[in-house]
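Heads up, the next two complexes both have chain A, just with different partners, chain B and then chain C.
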Partner chain A sequence: MITKLTPARPGRWAATVATIALLAGLAPGFAAAQDAHRGGTLRLVSVSSQGTLDPHVNYTSQFWQLYAFLYDGLVGFKKVGGPESKEVVADLAAALPEVSNDGKTYTFTLRKGVKFSNGKEMTTDDVEASFQRIFKVLGPTAGTFYNGIVGADQCLAAPADCTLAGGIVADKAAGTVTINLVAPDPEFLFKLSAPHASILPAETTAKDNGNAPIPGTGAYMVKSYDPNNSMVIVRNPAFSEWSKDAQPEGHVDEIDYTFGGTEEAAVNAILNGQADWMFDQPPADRLAELSTAAPDQIHLAPLSAWWYAPMNVNLAPFNDVRVRQALNYAIDRDALVSLFGGPALAQPVCQVLPPDFPGHVDQCQYTLDPGDSWSAPDMDKAMQLVEESGTKGEKVTIVTEDNAASRGIGTYLQSVLSDLGYEAAVQTISGDIQFTYIQNTNNKVQISISQWYADYPAASNFLNVLFGCDSFHPGSDASINIAGFCDKGIDDRMKAAIALGATDPAAADAEWAKIDGAVMEAAPALPLFTPKQVDLLSTRVGNYAFSNQYHWLIANAWVQ
Partner chain B sequence: MLAVILSRLARMVVVMVGISVITFLIFFATPGADPAARIAGRNAAPETVTAVRHDFGLDRPIWVQYGVMMRKMFVTGDLTSFVNRGQKIVPTLTAAAPVTLSLVAGAAVLWMALGAATGIIAAAFKDRLPDKILMGVSMMAVAMPVFWVGEMVNLVTQSRLHDTWAFSWVPPLGYVPLSESPARWFLALVFPWITLSFLYIGLYGRMLRTGIIETYQEDYIRTARAKGLTARRVLLKHATRAAIIPVVIMFGMDFGVLVGGAAVLTEVVFGLNGVGRLTYQALKVLDLPMIMAAVLYASFFVVLANAVVDLLCILIDPRLRRK
Partner chain C sequence: MTTDRPETGSMPPADAAGGARPPPAGPWRRALQGLASSRTAVLSGLGLVLIVLATVLAPVYAKHVAQTDPFRSGLSAKILIDGKRSPVMERSTEGLGLGVTPIGPTWGPKYFLGADNQGRDVAARLLYGGQNSLIIAGAATLLCLVCAAVIGIVAGYAGGRVDTVLSNLIDMIWAFPVYLLAISLSIVMLGKTFEIGPIHISSSSLVVPIIIIGLVYVPYVARPVRGRVIAITNSDFVLAARGLGIRPSRILWRHILPNVATTLIVFAPMLMALNIVTESSLSFLSVGVQAPNASWGTILQDGQALLYSRPVVSMAPGIAIMVTVMLLNLFGDVLRDILDPKSVRGR
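What follows is the complex of A and B.
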């Protein structure tokens, strides 16, 4: 129920008041249920914070989880648990946009009366300025998500003078914003739902705002942030709920997020009732204890992600497709799952798209009897392929991160490669260096272990980003196509599938499933497993909901 | 005296410049460390990486970058992080310093008092039961890694026995500023102090015991005894005073290094966000400005603590006053 409060005559006011009183009288149970859980403070802990608070710049899942209730875009992902969390709903726009001009023009009508936490009303000026700001602050996805907007080329070339003329057309009187694209983009609404497209006040500086909070339209606002200690989040005084799906009014009054300590200490604090939730995953060696001591406090949810081992298709021995296929046949995916903590924490996978993801169809080429799912490794076939390739005895170095899971997998792959007849070694590097190190072709990395988490639910976010020609940049630390895989035929099919998605999403998903198979046939990577999220909550937290996009929906939970 | 201070200052500047140049060069020689790619974020377009490189001045010659960084750190004070974009380095470091100072100063009092007591008692009861017990415990204290001791202390006080009468008073992990509540500041630091000082009590106790026993061989001790001084006076006034000099020198080193960030393991285990943890975090994410600031801060304290110790030694040992 949305009661629209327009400036009204006293008579209408009286009627409204009477109606509210009547409703309250008729449904006391409903009102009580709403209020019963309101209030209290949630205490969250994390080993470290994740940098700048600027929603146009920060690109970490830790802070995106907070942006869900701090900022809004024109549209946003539905703030509910389960599969519906992949749906896009109107947020600051009153309704989903009208798409015209063969999918190249999106027209949004803004909601009226939405206010920023500084009390200022949101207008089309803010929308226009926010889109320019994505480019002015050199946003991480400016060149990958929003480069399809008319005028984005000039903005990428000269960010300071960005106007997006012709790309963003605002009509202040009518309260509409029109976005023109160079080409149809079926994923555009997903991209607009990302926090990087949050609408911020027009007067926000055109530089990364760092640790100073920027006023937002969400249900909460950041009161203080010290990346070395804590963040305090309180209710946005100017907020009134306009859509429960897009931006629900939260239950708790305050959210205190502390940074520091260890995962071990965080588990203790939650069990002692000193904290309510930890961002980091609980240490694997405490999971057995937790599953018996506090089974009701643990929540597991599969992630739209994969752990994989990209194989450099431009370096020996992996420049031979048979070697890449052989390794795919040879690995025991159940063993990999147990290295990560067992079936409760991961599931085996032998394709690119994660389960329940758009375009995912169960398929497994690399197993004893190929079909829908993986059963057992096929060592004979692997040996035969290696023999045919004539690469036996070559040296292979596996580059892993310095955490237990990555190192364990590296050692396991080393043993498999040795069994196949290679001279394998493991090189372990600090996690933060490894991710950029393995991307740069100058470092001549043959095989490495990495992860990818979806930005939004679209097959291209895995296949096109990780194995598309456009994301391969030799000699750069920013080249996310780590395998260096660029197959003209597959690349064209991916582009066609993206275009097809604009007119026929179902057919596009079917095509993506085929592309998934085609990519796996060329085997530029070893799919390892799909990880699951473990949320450990204190006993006083209720109403847990897990969204594929934002993970635990903090604002939907209550503590009373 | 002025000349001594000036020469010390000059030496300090040379040391700090040397350290900062080496740190800077190592950073840029590390593969995969390109700050522009890290700042731009995963899957950034090449145009964005180029724009970031230009915006942060990372496309300028390396010596210019060094000069700019030093100027921003010491002159304008507006050096900002490469990772926590917008985070000012100098205020962050000064905010973290009191945490580490509280931890290390409290622990230093504990370990000097208990370390001295251990050494003196052990020397006085040489080869008898108290000596054997004290030296056995000291050996254990030195052999146990501090992070393990810390985790065990946490396991007992925060987890297994947290709800019993013995440890229910232990506050949650973390720091409480002295200005906010002296009592809570003290309670929050009791176990961190004990944990950090444990190793040093053992180390200093053993060192002092050996020193006193060696000093007992000196002629002046025989003279003191011949004069008819009591055994206690010989031990405390003559033997200990001479034997404690190497301990004090070592204390200066340890104190400086710990204040500069070497207490990181204790800080992390007990959730104290001090300089050590700040340095560790900066190293993990390769935040060059923060690394540079932390390294310079640490070297400053090591040099300063050494200067103070030199003065202390002159006070303790009259022989050092004569030249």
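What follows is the complex of A and C.
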């Protein structure tokens, strides 16, 4: 539209010129106000690091939180706080993909001008090589998240020769990448949003890069990393913000992450202003003190997580559903919440899907008055079930991790099992090995304490992963279906619900709620509680935002 | 021989005047007399008896005084204080309402030392824990002394290849740092249930820490025992016995074992003290006593999570360990002065 200027009185002209001049004068001031929080160093502390820096290999929440601002995938979860953080947005792709071929083909057009921290421009070659690399390095989710890509079977069989021929089709001239799936997967965009699908330079060696930082496209890059000491993260000089939702520029100039010490020392450091945040949860005996002495420095956020006790359905006495149900009736979930720091930090649950999660509908079968929520244990019912099972007096060993929370829960369960008439004992194992130890059926673990944190917001990520027949691998350390539960009927319903999600997500969620109830009827696990995240920040940190996927969004915070 | 204590196998000295006089008191009798005349030995011995008595009476205390089951979680338990029923686990109501703190010392019959993070009576657990700590340390000491005596005597008396093999075996075990060896053994043994014929040892059994702790210190005792046996084997009375054609088994039983026994007895209290500390360390690291059993080490571990809010939970077993170990060492010092021929103060 063309606007014709009409002659005006001299005074009006003067006012207009003055206004323009004033606005022009104020512009830098506005910009300065926008940047007022830019700069400074954020000091993070953690009791330990979490091993390799390689985003295709590392599978820990601690490092996934960092990958949020170090690496990008074709798509990613929105980097904002609150419920919107579950949304998938275009990241290295210019827009969300075109889905065709009945949900089996995803076509992405890459953004132009995106550079890695080594200055090299990102191309379709990097995307193609990155997907091959997921299999070549035997990424932990290669066989679960990305096994639906055409050619993935061959890659899983012979990782070194992985080409994903027909699965990943790149058109360099057009700047497009097409991903072909064997079957429709309504959760595929979630899986692509995980750090394991980060796009790395094509020349990255096809092996776990360990402590050596790999160039990324994120707003920051790792300058140095010593897993026993520290990590220094600085701004990526080649970065230019293309989408605030996908990869915001970040406020601080440097992030210093120190490893070592204790949780107690970390709390003291934050209270004394020597550190800005601790990865580990503050120790339970400091919570009451912190909640009164530094309430403004504490941020609580609900987690898409589940603390539970898987019961081995193939080993006595838990091979009898009545025993599993009895224990579910017998435990005092309020007591378990107390062990975790009280109701402000955990919510009692008696189902698999956490609150506010897709497919979650409040339900509790194992309480004094079965209904929507847990009210009190029903010890009489529990005793009756144990009597009927004829298993009284049998030996039960609870395998826990060597930390206060896990050990405390184990000790409590031992007490409850003793009340039910079993000869119960607790076996504590180092946290480094407990998770794999309890998965391996050769270790004959009857019951253990474990946790599951959602990889992405889909009910299948809990129910299908933890109780699907495909997740049970006898004799393997990687058998995440720890209970060894495999009900063909429920398994078929889960597969159908996954498929239904592609066409009717609401109907799929309703079906998942029913599956949640069906799984709990078989009681392969003892739901304990849904925990909350406690973030203790120093007084100088501002702009706290919590994402369901990445937890505290470190790069969104400022220190000045 | 520099000691005034005669070897068991030697002849009593003749009276200078040539007349008959009552035979001198034997080494055991003189040891008892020495202990009775030492104020340190009497006081430390009395202290030890009191500790043992207190731990033996743990069930009585738990049932009739504290009226609690110290092995059962009491997270929902309540207690009457000043006519008001209060929860044993106090939920924070101030500020953000975070945290749950167990009740502190009431200095009354119930929860005298407060509760731990399972809402259990710390005082009752301390007594039960002491019972287990002392049983483990005592049994491990016995096991260690028996093994060390057998190895040391066989190696020292047989000599030759047997000595070479056994000595190298001892040296090999000795080469491992004690705690590293104990932790390694614990990790292996705690993961399994042992079934050897009719013997069934579960991973939570106290026998597991007894075996582990008993074995790791064997070289420390077997070495000196072997040395002592070699010295005794070459002494005149043993050579004479051999010359008279007395069977080796009789020599071992009648002449060598009684003389080695004093060495073993000197080791006993010190080894016991060492074993209490070792058991506590292993239990503190979760590789010793396993729940539902308790020991001073496990209570110390429970207290670690309450160091800021309820320090008494870790201080109480810490003090118990310190006092017991100190008393054992004091008693052992006196015993060594009396029985050890090389002891300067014992001359």
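Basically, the second predicted complex is superposed on the first by the 529 of 560 C-alpha atoms of A that agree within 3 Å, B and C clash if a C-alpha of one lies under 4 Å from a C-alpha of the other, contacts with A are read in each partner's own complex, and residues count from 1 in each chain.
In the analysis below, contacts are C-beta pairs under 8 Å (C-beta built on N, C-alpha and C of every residue); 3 or more make two chains touch, one makes a residue touch a chain.
These figures come from a predicted structure and were not determined experimentally.
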**Q.** chain B versus chain C as contact partner of A:G210, first or second or both or neither
**A.** first
Q: Could you say whether A:N443 touches chain B, chain C, both of them, or neither, answering first, second, both or neither?
A: both
(Q) Contacts for A:G342 in the overlay, against chain B (first) and chain C (second): which applies, first, second, both or neither? (A) second
Q) Where does A:P55 make contact in the superposed view: on chain B (first), on chain C (second), on both, or on neither? A) neither
Q. So which one touches more of the residues on chain A, chain B or chain C?
A. B
Q. Touch check for A:P358: first (chain B), second (chain C), both, or neither?
A. neither
Q: Pick one for A:A265: touches chain B only (first), chain C only (second), both, or neither.
A: first
Q: Determine, under the contact definition given at the top, whether A:P227 touches first (chain B), second (chain C), both, or neither.
A: first
(Q) Is A:I480 touching anything from chain B or chain C once the two structures are fitted on A? First, second, both or neither. (A) first
Q) Of the partners chain B and chain C, which touch A:A288 in the superposed model: first, second, both, neither? A) second
Q: List the residues of chain A that touch chain B in one complex and chain C in the other.
A: 264, 429, 443
Q | Residues of chain A that touch chain B when the two form their complex | A | 48-49, 51-54, 57, 59, 138-144, 147, 156-157, 159, 208-212, 226-229, 258-262, 264-265, 268-269, 271-272, 274-275, 429-440, 442-443, 465, 471, 473, 476-478, 480
Q) For chain B, which residues count as touching chain A in their complex? A) 30-34, 36-38, 40-49, 51-52, 55, 80-81, 83-87, 92, 95-96, 151, 154, 158-159, 162, 172-174, 268-273, 277-278, 281, 284-286
Q: Report the residues of chain A in contact with chain C in the complex, numbered from low to high.
A: 264, 283-293, 295, 298, 300, 332, 334-335, 338-339, 341-345, 395, 397, 402, 404, 407-408, 410-412, 414-416, 418-419, 424-429, 443, 534
Q | Complex interface listing, chain C residues touching chain A | A | 71-73, 75-76, 89, 91-92, 94-101, 117-118, 190-191, 202-204, 286, 290-292, 304-310
